[in-house]
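Questions regarding the structure given below will be posed in turn.
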Amino acid sequence: MLKFVLLSTLSVGGLGLLFGGLLAYAAKKLAVAVDERVHDVEKTLAGLNCGICGYAGCSTYAKAIVEEKAAVNLCAPGGKNTVEKIKQVLNLTGDHSRESVVARVRCQGDNKTVNKLIDYKGIVSCSAVSQVGGDKACSYGCMGYGDCENACLFDAIHIQENGLPLVDEAKCTGCGLCVKACPRNIIEMAPQSAYFFIRCVSKDFGPVVSRVCKKGCIGCNICAKVNNFEGIKMEDNLPVVDYASFKGDGTGAEKCPTKVIEFVESKFLARK
Amino acid sequence: MLKTSISPHIHSPQNIEYAMRNVLIAMVPALLASVYFFGVRALWLEIISILTAILAETLMQLLLRKPVTVSDGSAAITGLLVAFNMPPNIPFYVPVVATALGIIVVKQLFGGLGHNIFNPALVGRVFVMFAWLPEMTTWNVPLHPDWIRHFNLFHINLDSITSATPLAVNKLQGMSALVSQFGSKTQLYLQSFLGNTGGCIGETSELAILIGAFYLFSRKVIWPTVPFVYIITVAVLTALMGQDPLFHILSGGLFLGAFFMATDYVTTPMTLSGSLVYAVGLGLLTVILRLKSGLPEGVSFSILLMNGLTPLIDKLIRVRTYGKQSKRGRDHE
Amino acid sequence: MKHIKIRTRTFLQGGIHPPENKSVTYEHSIENLPLPKKAIIPLSQHLGKPALPVVKKGDTVSEGQLIGKKDGNYSSHVHSSITGKVTDIGPYYTASNVKSNCIVIQLEGEIKRMNADKPDWSNLSREQILQRISEAGVVGMGGAAFPTDVKLNVPSDKKVDFFIVNGAECEPYLTCDYRLMMEKPEEIVEGIQIIKKLLNVKKVFFGVELNKRPALEHIAEHLREKDNIELIALKVKYPQGGEKQLIKAILNKEVPSGGLPFDVGAVVSNVATINAVRDAVLFQKPVIERVVTVTGRIVKNPGNYKIRIGTPLSDVIADTGLTEEPAKIILGGPMMGPSVVSLDTPVTKGTSGILFLSEKEEKRVRYNAYRSCIHCAKCLMVCPVSLNPCMLSLQGEFETYDQMTRYDIMDCIECGCCNYVCPSFRPIVQFIKLGKSFLKKKG
Amino acid sequence: MEHYLLIIISAALINNFVLSQFLGLCPFIGVSKKMDSAMGMGMALIFVLTLSSIIVYLLDTYLLVRLHLEFLRTTTFILVIAALVQLVEMIIQKVSPGLYHALGIYLPLITTNCAVLGVALLNVSEMNNLLESAMNGFGAGLGFVIALLIMSGIRERMEFSRIPESFKGAPIAFIVAGILSLIFLCFKGFAV
Amino acid sequence: MSRWNELTKGIIKENPIFFIMLGLCPTLAVSTKVIYGIGMGIAATFVLIGSNIFISLIRNFIPDKIRIPCYIVVIATFVTIVDYILNAYVQPLHKALGIYIPLIVVNCIILGRAEAYAGQNTVLNSILDAIGMGIGFTLAITLIALIREILGSGTITLQMLGYGWVWEVPVKPMTIMVLPPGALLTIGILMGIINHFKQKEK
């Protein structure tokens, strides 16, 4: 009996020793340099090499996370803990070094304000509709097909019933994906502290604008005059606000004949 | 208000409904033949399958909150094809299960028309074949044509003699047994061609299927490449294996499969060269399965297996773009 | 057809046969449309950079006066098409359906007649000819509107062996080129001589589709043996008028992907362009008008009209009349022409036709209710450049644009054949255009 | 010769390891999303299966059976396989980076792939000899590659399908596997 | 986190088969009869508990680098024990489960729990976790077996070694359901339905 136990211990131990030694030797001899971060990420994964993530083993997945920005929640055996750990390793929890920006929609031409000009047939997306010149009377304004909503990864921008997108400032991370998605460049990234927004992008002349939209900028340039052109200037029939240098108060907004300007008083006071 | 869209602003009148309607029309001769040879029961099988298909599609589309598109006729085709692939004396629940499975799992769960990878009717058929093997392999000889005189729409019992299909006889007892059964070789060919043999209700009459197929060719709904290459491959290979090629192409479900299932738009390769590979593969598999496997018939399985290979064929076999040097394009960038 | 040998050719891969509908205007000879009261002249009527305006608001301009100067090499001059006063310079809808800068001229004052003497061009140098073409602002009039002086100014390291005259006019409905060939064969042949000299080519092919057999015979009568112009009868097939398809049909050569026709030693020009080149070289006449087919079942007086550049569609409608409200207005042919959004859209140098579709005709296209791709592969069969439109449309639908390069999306000529045959009414061309613009944005 | 051919066909088609024995199902569902990775994984698996079949056979015959330590089979087999795979991975990574990227990166997946241990155990229970074991391993790998390639092709196409939201991913993959397995039933009763 | 939570999370919320998709091979292979499913579940649960206890005991002594091989050896030992116990006492079950018993070694559930849980938690928590996961696994496999057996054989078998019962269910049995395709289709459709309810909850 003792011999039997001894034999089995010896064989398992011997095999273990043999392969352990071999592997240790190989690990030293055949080492290949790996990115430190990949290594760190790999340590947080479950290490089963089960392949459920769709990548060829844990190290490949770790590499994909670091290099190709693969989703971090694919490790099923690791579960939620792993996701948190990966985020820590990669420092994805947020970068607060510079002032954060939020998306701003610069159009007030909702479905009631701006009429449909034509009956469009085809793919339903802003970029597709803009290929045929858009279907609304204003050729600069929002068409409301929601490319921005689709582009947003954080569920922060939604098309409302009136056909205009609304940004949920709490959720917006300022990544700028919606800005890229909008074919008419209606969304801009404004600093969180900004308080004076021109909500129109139409470069048309005043009469053309007022014919199609009652809430559009007619390029009267009153807002700029009120502020003595400090931090605000006119370009292509449109006032352009430089958020960093603009110091004016809400007079410009009050005086605007078509109420294009949004003035956020709380932010203005906070800034003061 | 002016309408606008991206060019082109005109469109060919051939749409999905056109294609499906024509396929249904093309299946009518085979349907008539099935009723002629296997009686009212065949008709009921077909009606029940089609109704199940339509019902299953509607329910599934409602459940998945998609627009209901049964009116395009694709569900009806699936139902009819399932019925065509049933033995005449099958219990009615079998085609119901087969059709429902085909429509619900193989078609709608994959995303509906156009997204299915496999032919729904064939998966349904193969599924019930392994589910109820005894029922699915009991065949009846065709009825005596006299039955039409005692026509009764509700006479659904099929009281004719059971017999093995010609392919099974050939596999188990050899060609000579078949020839003696039919009298002469010419009789064997002729009866096989007309459909006066045992088998699934829709597959026996090659004549009826050919009529439908030529209708489809004339309407430009399908192209003759795949079916003919398939059939020729089977003939050549069976001849090479020392079998009777004419018998092999005229028996079993080869014609039904070649003209109505191997030409399905959704589950077959897109390029011409791809469909040639597909057709030759079909022939090869059919012959291998008929002669080497435990089953007497292999058309359904070969079509399904090639359905599975279709995405690979589509990916690997490409056509050279105008003005490009190599065929592969920039696939491996 | 006398001594001229005519060979019938076509390209093999793909192509479709849409209903031609040319009979609407087939027999209507070219007529002049009255001058517009107001001309909206876009500064960008051509491929390349928009022209720079050289007049100000309030200026008085005369017919044929330069109002937009070309900006760099890949650009073209723009001339006033009427005599009058500049009332506005600003964004207006143009044929491409985006607002771009236009010069608006209000009709005013007298019109000077041009002299009709026929000068001799044979002693003009190559540079002089090119200069005149450039100054007249000639662009390709088949639709693409590529500046002609750039096209004909072949780089010295490329050898051009053939000049191909494009009289295919494969788009349904259009007959303006056909009428031009019927009514101005001599002018076209003379234009060909000019270009032949310019390019220094030995051989000229003149391709005409067989549905314009009268034009073919008419031209043949005006050809002389020594002209060395070979007439080619082309089997009717859309899109034979496309440069690449025409070269394939006539020369059986393929323009390399991303290349230009002179990479296979050929230059292709449309008959209308050739006519404009002749006018420019002989009379130094700028492009201020062109022949446009105004057609459609709902047009009261359909026909081929000589229309001033910048004439708004509303003026055209006022002159030709409509029997019912149009559902869709298309500039160019129905296969490739854009549909317009505004009746103020002006006729430009590239406008070969104005097609009015009725509600009933428009309804046959159901892009708003397109369905899943059923992989029927009809699009693969009709694609003249052997693409896989099925995969491209799927990738467009699922927005995996970056995979589209694998399927050679950039080689698509947007002819619309795939879209025409698609049984699911998928807007394949739109998917491809979206993909292209996405990929271009990405760089 | 025919005997060995039959072993390969049996392991590859008739008793396909994934589709009729469910061995190696996790990576089959996981790695079949892209055809390139499917190919790499498959090739690596063929290699490892053949190699491990041989090594395990030697280990079993010359160590365990000699010493009457059959009860240690499970333990030693898995140990040897794990070590073997890791060694092979390291060697490939050093010797040929190109091969490593094509095949090597899939090796870790194979350690915990039940197909490898399954083939080893089946070889022992069926008392195959050395060549038979190797052929069985090779056939099993081949069958896995066939199934994986078909599956990856189908899944690449399903990227462009309107699959109901709740069936996306693993559920529809299982259904496809089920249909494939249904089709592979036709090879039952195959005779060469 | 309460102890109760540790125990119950594996049953539904983190069910290893339906939600984390681990340990599928045996689930599908042996679920032809309900009793086999239960047997497999119990065997796996036993190994899970044993290895979790052992690993959480020695977790501080194993070097990080070779932890996985160590875990495997531990698990393999327990699997061998189960194998031999079944062979000795419940031979029909041992025969039915066949090579899927030794294959518990590479069952990702066990290794997964060892790595993700037992290697970092106390013995008590590890036991609770193992029991929960084991029950979840057993329930899932039994559910699949139930469906397959009812549809495929028309019976519900809860009988082993002559003890227990076999119920007949009045359906026309579909042989295909006890064949491999039946298993794959069943789990695919089940997973889809469960996903549907999971998404609805959100």
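Note that the chains take the letters A, B, C, D and E in the order they are written out, and that residue 1 is the start of every chain.
The rule we apply is simple: a contact is a pair of C-beta atoms (placed from the backbone, for glycine too) under 8 Å apart; a residue touches a chain by one contact, two chains touch by 3 or more.
Remember, it's a predicted structure, so these values are computed and weren't measured experimentally.
Peer 1: What chains touch chain A and also chain B?
Peer 2: Touching chain A as well as chain B, we find C, D, E.
Peer 1: Let me check something: if the centre of a chain is the mean of its CA atoms, which chain is farthest from chain D?
Peer 2: C
Peer 1: Applying the contact rule given earlier, which two chains have the most C-beta pairs between them?
Peer 2: Top of the contact-pair ranking: B-C.
Peer 1: How far is the middle of chain C from the middle of chain D, if each middle is the mean of its Cα atoms, in Å?
Peer 2: Their C-alpha centroids are separated by 60 Å.
Peer 1: What whole-number Å value describes the gap between the mean CA coordinates of chain A and chain E?
Peer 2: For chain A versus chain E, the centre distance works out to 42 Å.
Peer 1: Distance from the CA centroid of chain C to that of chain E, rounded to the nearest Å?
Peer 2: 71
Peer 1: Where the CA atoms of chain A average out and where those of chain D average out, how many Å apart are those spots?
Peer 2: For chain A versus chain D, the centre distance works out to 42 Å.
Peer 1: Hunt down the residues of chain C that sit against at least two other chains at once, touch-wise.
Peer 2: As it turns out, chain C has residues touching two or more other chains at 97, 338-339, 341, 365-367, 372-373, 427, 430, 433.
Peer 1: Enumerate the residues of chain A that touch no fewer than two other chains.
Peer 2: 12, 16, 20, 48, 50, 52, 117-118, 120-122, 128, 131-133, 135 - these are the residues of chain A that touch more than one other chain.
Peer 1: What residues in chain E touch two or more of the other chains?
Peer 2: Where chain E meets two or more other chains at a single residue, that happens at 21-22, 68-69, 73, 108, 111, 176, 179, 181, 185, 189, 192.
Peer 1: Pull out all the chain pairs that touch, please.
Peer 2: A-B, A-C, A-D, A-E, B-C, B-D, B-E, C-D, D-E
Peer 1: Give every residue of chain D touching chain B within the complex, in rising order.
Peer 2: Contacts found on chain D: 35, 149-150, 153-154, 156-158, 160-164, 167, 172, 175-176, 179-180, 182-183, 185-192.
Peer 1: List the residues on chain C that touch chain A in their complex, please.
Peer 2: It is residues 90-91, 93, 97-99, 338-339, 341-342, 365-368, 396, 427, 430-431, 433-434, 437-438 of chain C that touch chain A.
Peer 1: Where on chain D is chain A touching in the complex?
Peer 2: Chain D reaches chain A through residues 26-27, 29-31, 33, 37, 40-41, 63-64, 67-69, 71-72, 75-76, 79-80, 83, 86-87, 90-91, 93-94, 105-109, 111-112.
Peer 1: For the complex, which residues does chain B have touching chain E?
Peer 2: 93, 97, 105, 109, 127-128, 130-133
Peer 1: Mind pulling up the chain C residues that touch chain D in the complex?
Peer 2: Residues of chain C touching chain D: 372-373, 394-395, 397-398, 400.
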